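First, the structure itself, so that you have it in front of you.
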């Protein structure tokens, strides 16, 4: 049966493409958030009408994005969450919390600098990786039992 | 019936005390993580034996803390999550995700600087406040219907 | 064990008091929404800060009230929903839907005029009554087996 | 994966057709109640036998319709509920409550006149729209990330 | 912690009293249906108004009784269901099905004559007993580890 | 989407065939128990080895049948339970209880003689019918909105 | 609908192949753990980096394997667990516990020597078999009603 | 709130007493299986009647014990499972699986010899300890934040 993988978190590097490329011969369906930063920020007011207050501007957008995010995480077998070098990335950690509470298999992807700050999230994960190709290798192992 | 409130997040200011003080005449039971930073970091190795590798040192501690945290969030009616000015605070966002997925009433507490970065979490909350006394006022209103 | 009853809906007549009075010798704990109409409407802005836009004014208040409402319905064994003669009362029907989906025993209270309009909600209920004293009689029967 | 959308509420205008038309090139499957008003009212007695009492006539019909409604809402990713200008529409609000308790993404569609009366339901929604084309735009954004 | 036991089924012999007597020194709370046959049959019309049609007379009563029954089974740790010598007793088997689907520990009590007819229900039970005192012995063993 | 219907209960008349025939042009998938009485009674010992004691003979068979029954009911949208004129049929009532607790839409099929004895089960159903063709008509209405 | 069967436990004999062969004409989809012992033991360090400490070496591998195992058990209708003659096989018993708590139909496969030691697990199963062909016969009976 | 701890597994040493003694000043309620080996083996036939076949003798006992075990694990916040030096102890691993699937915090207690054989269970745990006093220290830390 098709393995469903949700790719959450950092949207400024091509890590999603690397994983998808590395798993291109496997029976995997990938999903993830809208990665067009501007569309993601402005979707609420673009569709539902402008807001003067930045809080409500963001609020409307975040809720529209939640329609996609909650569905994607809810349908996934595996949720991969990547933490990059910049920004607060609280929504990535928030997604990890949702995935964990829903009993999804969690794979966390981050560099060694974030090890201490991510210890609670890493402790809830079934794998902590540093490089996207490791995630592809995990997907291959889970589906086929083959090691790299 | 006693209102059960879990106070998650930032541990370097006295915001928990302010809320508890503001609600001291109400039928509320507060819970939260271990706020002794050092104990929280080292509990795993102190009890279960030392690790050479910092990752596993942190891992053992994070898992022991999870015993307390998951139980506290799981039993709560309301989960308050405070984001302070410093540190990554990914565990706070992670707790918020868990609480949201479990259907807990979420109150987020943060200053205006973090508004954009916290928009996804704020959008899942039933209240976004700036000051601890507002949280106490919410608890009072929820229990008694009285406004400040 | 104490029977937990949530009294939802119309807030302009004394129907809640009649039920509570009729069940005063029974082991029942009653809960319900904040029935001070003005406080209920303004709680959001009174605690969390004013809004220029009426939509967001109402939004903030409705979310604070939801903290109380969801908890009350979630803890109840029985949810009584009364539909009165005036207003839209969509929040009463909304509460009935939540209670039904959570598997709560639903008692609907309304006059004969609303019979056709409430048929879907009545069909999900375990009792449809016209007068508050009938609700008290039901609570007595459920707890003691005694009929009026 | 096909997005499953349930269209609940008002049955006297062509809003469902507008949404379906606006989403005709998207991978969406729509469902909704029986919109033939007369069939919906009389289905119970037509199949299961006549009733003298209008209450039981309606009761039998409402229960047959519930077989379809509960299944449709239960299978949906998104539940859209439209409140029109006429009638009590309590069943629409009831459906919204069921959808909310089941954790469905809720989109509410109504004109500005109903803003205050629908505040509790709007507060539980991930989007509040005024026009059917906005709903189609949301579905497009959720599936493709494209804004209008 | 108090062991909660629901005693479902046959209401024409004193088997409930025998179990309660046999467990009188144990920390057990017993619950069960209304055992006054007449009150149980007529409660619906007595409180909510008469019906000409026997089907609806029974329907209203069965729903009121369901308020008590569902709560009692839902709160129980153990559900004991007794099948006697007379009547169809379909409601006893129905209660057993509900209890089984809710994951309750099921104890079935019946004479040897019913062995074949009850095989599906017995197969879902954790104990099949013939005499009420065996049920009391089971409760004692479960709470104290003592055998008769 | 294919409507999944489980046909439980009486196995001595052709009521299943009548429903299946009446719904032959609809998108319905039917499931049900093994209706070969002898195979159903003896499956346990035939596969897993003989038992001297009739209780365990039946027990082994009932458990094998439960593998099929629980899966069928668990996957169904609608569970139809027919009570015939003969036998105790406790397993039919047991299936109805399981279906009810799992939130399945329940249709009960029985003659007028059983009305009083089945009142608790009828009260939990969304339809009570007397003839198999009524069930087929319900399935048609639920899927297409067409009345007979 | 395809019957989903998870084959857990002993990996040193060809029992899985025997069952798959015996059910080759049935609509069954089989799943199970990675049965390459070495890959299963070393997958964690092979993909995620070496560990000096055997405990963490095993820990990383066990968690990767859990991604596959939890998904397989979670999707299964039936979980078959085989206990062989050698090794502790605690992971087989652990899988059986998970399957039981998730409400899966459990079939246990073991020789007569283990009867007493496996009594708690056997007692939670719907079938206890000695030979793989019996499992194939059960699958055939469950799907077709045919006995061997 | 009282911390509920279930102590599962090995019954031949005094490890339970050591933990209870080490936690005697804490707000903890302990539960566990019947530890009288003989009573545990024979409870089924002692109460429900003798069986000639050892399989059914054990079966009846295992089911009675399951009434206690499932309730104890189901009510626990923390499940501690100890694996000793002797016997197969499959029921301990089975309890661990149930606890894990129910989302309980799992603490595994075993000597270094069993490390490899228990890797799957250890990987699902929040703590792996070697000595009973470590478990008491964990309970103290979880409740008070104090380290040894």
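By letter and in written order, the chains are A, B, C, D, E, F, G and H; residue numbering begins at 1 in each of them.
Everything that follows uses one rule, which is that contacts are C-beta pairs under 8 Å (C-beta built on N, C-alpha and C of every residue); 3 or more make two chains touch, one makes a residue touch a chain.
Worth saying up front: this structure is predicted, and the values here are computed from it rather than measured.
Peer 1: Since chain G and chain H are copies that touch, just let me know if over half of their interface numbering is common to both, same, or not, different.
Peer 2: Same residues, largely: of all residue numbers at this interface, over half are found in both copies.
Peer 1: Which chain's C-alpha centroid is most distant from that of chain H?
Peer 2: The chain lying farthest from chain H is D.
Peer 1: Just curious, how far off is chain G from chain E if you go by their C-alpha centres, in Å?
Peer 2: Here the centre of chain G sits 37 Å away from the centre of chain E.
Peer 1: Hey, how far is the Cα centre of chain D from the one of chain F, in Å?
Peer 2: Distance between chain centres: 31 Å.
Peer 1: Would you mind listing the residues of chain B that make contact with two or more other chains?
Peer 2: Residues 63, 66, 128 of chain B touch two or more partner chains.
Peer 1: Which residues of chain F touch chain G once you look at their complex with the stated criterion?
Peer 2: Touch residues, chain F against chain G: 29, 34-36, 39-40, 42-43, 46-48, 60, 63-64, 66-68, 70-71, 75.
Peer 1: Tell me, which parts of chain H touch chain B in their complex?
Peer 2: Spelled out, the residues of chain H in touch with chain B are 1, 3, 77-78, 103, 105, 125-129, 134, 137-138, 141-142, 145-148.
Peer 1: Tell me, which parts of chain H touch chain G in their complex?
Peer 2: 54-55, 58-59, 61-63, 65-66, 69, 83, 87-102, 114-124, 128
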